[in-house]
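Two complexes come next, and they have one chain in common, chain A, joined by chain B in the first and chain C in the second.
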Partner chain A sequence: MRVTQGCFSYLPDLTDEQISKQIQYCLDNGWAVNLEYTDDPHPRNTYWEMWGLPMFDIRDAKAIMGELNDCRRIHTDCYIRLSAFDATNTWESLRISFIVQRPADEAGFMLTRQEIGGRMMRYETRAYGLQKPEGSRYGG
Partner chain B sequence: MMLDHAEPAMRPTEPIDLKAEFAGAGISEVLDGLERDLVGLKPVKARIREIAALLLVERVRQKYGYATEAPTLHMSFTGNPGTGKTTVALRMASILKALGFVRQGQLISVTRDDLVGQYIGHTAPKTKEILKKAIGGVLFIDEAYYLYRPDNERDYGQEAIEILLQVMENQREDLVVILAGYADRMDKFFALNPGFRSRIAHHIDFPDYENAELLSISDTMLQRQNYRFSPDARVVMDRYIARRRERPYFSNARSIRNALDRARLRQANRLIAHDGLIDPAMLTMIEPEDLLGSRVFLETDTSSGEIDA
Partner chain C sequence: MDTPTPSVADAKTVRGKDRYRSGVMEYSKMGYWEPDYEPKITDVIALFRITPQDGVDAIEAAAAVAGESSTATWTVVWTDRLTACEKYRAKAYRVDPVPNGPGQYFAYIAYDLALFEPGSIANLTASIIGNVFGFKPLKALRLEDMRMPVAYVKTFDGPSTGIVVERERLDKFGRPLLGATVKPKLGLSGRNYGRVVYEALKGGLDFTKDDENINSQPFMHWRDRFLYCMEAVNRAQAVSGEVKGTYLNVTAGTMEEMYERANFAHELGSTIVMIDLVIGYTAIQSMSKWARKHDMILHLHRAGHGTYTRHKTHGVSFRVIAKWMRLAGVDHIHAGTVVGKLEGDPLTTRGFYDVLREDYNPMRLEHGIFFEQDWAGTRKVMPVASGGIHAGQMHQLLHHLGEDVVLQFGGGTIGHPLGIAAGATANRVALEAMILARNEGRDYYREGPDILAQAARHCLPLRQALDTWGDVTFDYTSTDTPDFVASPMPAY
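Moving on, here comes the complex of A and B:
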């Protein structure tokens, strides 16, 4: 099951050229680009690992593509997302965030139902990948 | 226009209007600005015009598919302190941007401290961090010879040099490196690091300023801050320049800027000490006594090691 999250999630995965153009757009607006990765695909997982610090003071997308490729090389089977932070007064928050890499094989989620008192039903979504420990959930 | 060749090259059949290409790139404004804003530096300006012409032709050749490789654009600026190396580097970045040889055109000015780390494993990330900032623009390394310390074989500068050389060779289309420093020490540096010499396409030598040029620079500097010399003060400034040149640590335009800063300080003190009302015109006027207070005039002994006066 293909996990969708952030901007462009309804589109096919962006090519490197498209990613590069998005990054340049962010940089031209003066936003700081940031890379994060995780192998926990749950939509409520907000704790993504940071790939280095947010990249302030960078002018050209190629520098960030270099970092992205380094991150991809090391975290082959992780989700990687790219976000851009706008430090302008009154914004001071992320302006864009999208997935730039996903594991080759996304196992998807199991839905479990639990019957509780009074014919009530409690649902749980659990990623199949999470059965394995962190770092070995996809591929490796 | 970038350097990649996605579309097939179009060989020209029509004559090419180089003048129109020149005007279209908007470099004539940059070159005229260079001519107008920078006093003196005739050989430097001539060299920059030559380089701009070369780059323009190179761009046209790329357009028609005659040139296939990104040209080597790394440069070395040699000259005494205060001769305008950083200022010219800034203009160079705009020229390269106007012609599309760098994508963004920012100038990142660094010295050894910004590139070389303090312990093992610190240098590479530090250098790469700077290179990341410079990608798409110009990396200006001031006093580049400090990177290499032959007397200490365990110096981390060597590591920074190796990374730089690699980037200068492999990422020619991403950034342009300008090395700057004193002529003699740069020569020694290049002799000891032949890798740099062979990767640098343009060597530009910055001559010292003439006294008259320095005077005209001081006029411009004052004008920019909304000050001006009284006629007498301008004569004194001319004498000051001649005397300052004989003293140690003379650094051309930078010495002039420092002298003017101190003249403003004396002017302010003079105005505060002034009894009664002040004519608004006095606020902008540098008088002879503001300059004559300088140590350059007080001492006859020129061998003392004071830095500026």
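Moving on, here comes the complex of A and C:
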């Protein structure tokens, strides 16, 4: 399966040149680019691990691509997402977020159903990869 | 026909003992026409388009509107003198002829804040659009715009979720959200209905939606619909790894019944419920409070609004409804598509979107916005564009409506020749390709068709969507357009 979180998941994986142009768009808007990685892509896993702090002071797309490549080298089999923070009052949140690396084999999710009286159902979405401990779920 | 100049000859407020002599007196002499009045920053201001009956003086008509929407009755009453009546009188303070609108006038009327109960749209509207719209000396009356003072805005909760928190909750940033209304709107069983929801969400939409008149009919009772829809939502979340939702319409005959349906939706884990505008302002505010308490996004379908928003000389402009609904506290509201099948002049629609999404609206006559409006931190409402739109218009939709909007492709998803999921994928691919191009700095509005054609090379469903609907447009003249001239009009 293909996790379709983020705003470009339905396009073919972006090339580095394309990613770089999106970074430039973020910088032109004055946003702080942020990298995060995880091996638990559950749709409600909000807090992926941060690759350092949001890059408030790096205003150069090339330097940010360098950070991304470092993150990719260390976390070869993780999901990595690139997002950007806008600190403008009454927004103060992300303006963009998209996946820039996925594991070679995306395990996907199991949906379990627990019948709880009448026709009511309790649903649970569980990642297939999660039986293994953190850090060893994909490939490694 | 020349527009007669409003008469100001006799329109002077009578004061003292003579003011309260029993009998009938012109409204403009009773204190409802005060051309020298400077509105206070705490005043509510309303702008009416008035069309007086033949022979009725424009200023007298404006004063009558001020009177009938505040303290006046048809005759002088001595009991006025027991009150601080000058404060309670609404004051017409400016009357302008409508540019290119013979026989019509814009009347500006100021209301003291003390006239209104805090936090009640019902109370506000009972005054402003209460008796006055049936008033005989007027041929027609339209409420065009309102300025709410910050002191009044702060008495409302506003949207419980708002655009930013909705995006955080759904984990979706940087692109419009995508939805579809399940079709056919009537007749599907719960089981068949859920199939449409599943296919559309699996294919790439973020939301599906009940239509305004899907409540609990013989062919599908509400509990059945909710159960099958939530099965579909959960399945789609698991196959995509994305948060999905479906607007469960909880509109019902009584408040008790609506709460029961909403609570069931909450129990089932839905992220969003839906209501129709026809349930009324008080019910909407109650549902907003309920939504706040239950971490629920509240979607409002503007069912019925066309009966009073569309006609240019009589009724209430949708920009006013949009302001009331932002105060009342809905998170989503249908606000027009510009390019789709329903009424929508581009600039007028832009004005509606501004009212819903901006922190501060400057006066923009070209968008139909007559007053500056400070929203004082009130959360932003996500506009919804629905009705006759398709993937081939993606560049136009993004250009006219921007990024913070839900684009709803009902027929444009479900009518796809390869099926519902393919229709959904076509829309999602078209959207992402357009966002990518825009962010890269391309002139996406002009290059739109090329960008779509290029994206369709790796996406058969998009190619088929473009082949099926590429040329479909709804190009009719709008009835609701702004009337303004670039330079300010003289005031009388």
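The rule is simple: the second predicted complex is superposed on the first by the 138 of 140 C-alpha atoms of A that agree within 3 Å, B and C clash if a C-alpha of one lies under 4 Å from a C-alpha of the other, contacts with A are read in each partner's own complex, and residues count from 1 in each chain.
The criterion applied here is as follows: a residue touches a chain if its C-beta (ideal position, glycine included) is under 8 Å from a C-beta of that chain, and two chains touch if they have at least 3 such contacts.
All of these numbers come straight from a predicted model, not from anything done at the bench.
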item: Clash or fit, chain B versus chain C on superposed chain A; value: fit
item: Touching partner for A:D60 - first (chain B), second (chain C), both, neither; value: first
item: Chain B versus chain C as contact partner of A:S83, first or second or both or neither; value: second
item: First, second, both or neither for A:N34, with chain B first and chain C second; value: neither
item: Partner chain(s) touched by A:C7 [first = chain B, second = chain C, both, neither]; value: second
item: Chain touching more of chain A, residue-wise (chain B, chain C); value: C
item: Shortest CA-CA distance between chain B and chain C [superposed frame, angstrom]; value: 16
item: Touching residues (chain side chain B, partner chain A) in the complex; value: 103-104, 106, 131-133, 135-137, 174
item: Residues on chain A engaged by chain C in the complex (per definition of touch); value: 1, 3-5, 7-12, 14, 18, 21-22, 25, 41-44, 46, 83, 89-98, 108-111, 119-121, 123, 125
item: Of chain A, residues touching chain B in the complex; value: 55, 57-60, 62-63, 66-67
item: Interfacial residue positions of chain C with respect to chain A in the complex; value: 164, 167-168, 171-175, 204, 227, 230-231, 234-235, 237-243, 267-269, 359, 377, 380, 425, 428-429, 432-433, 435-436, 439-441, 455, 458-459
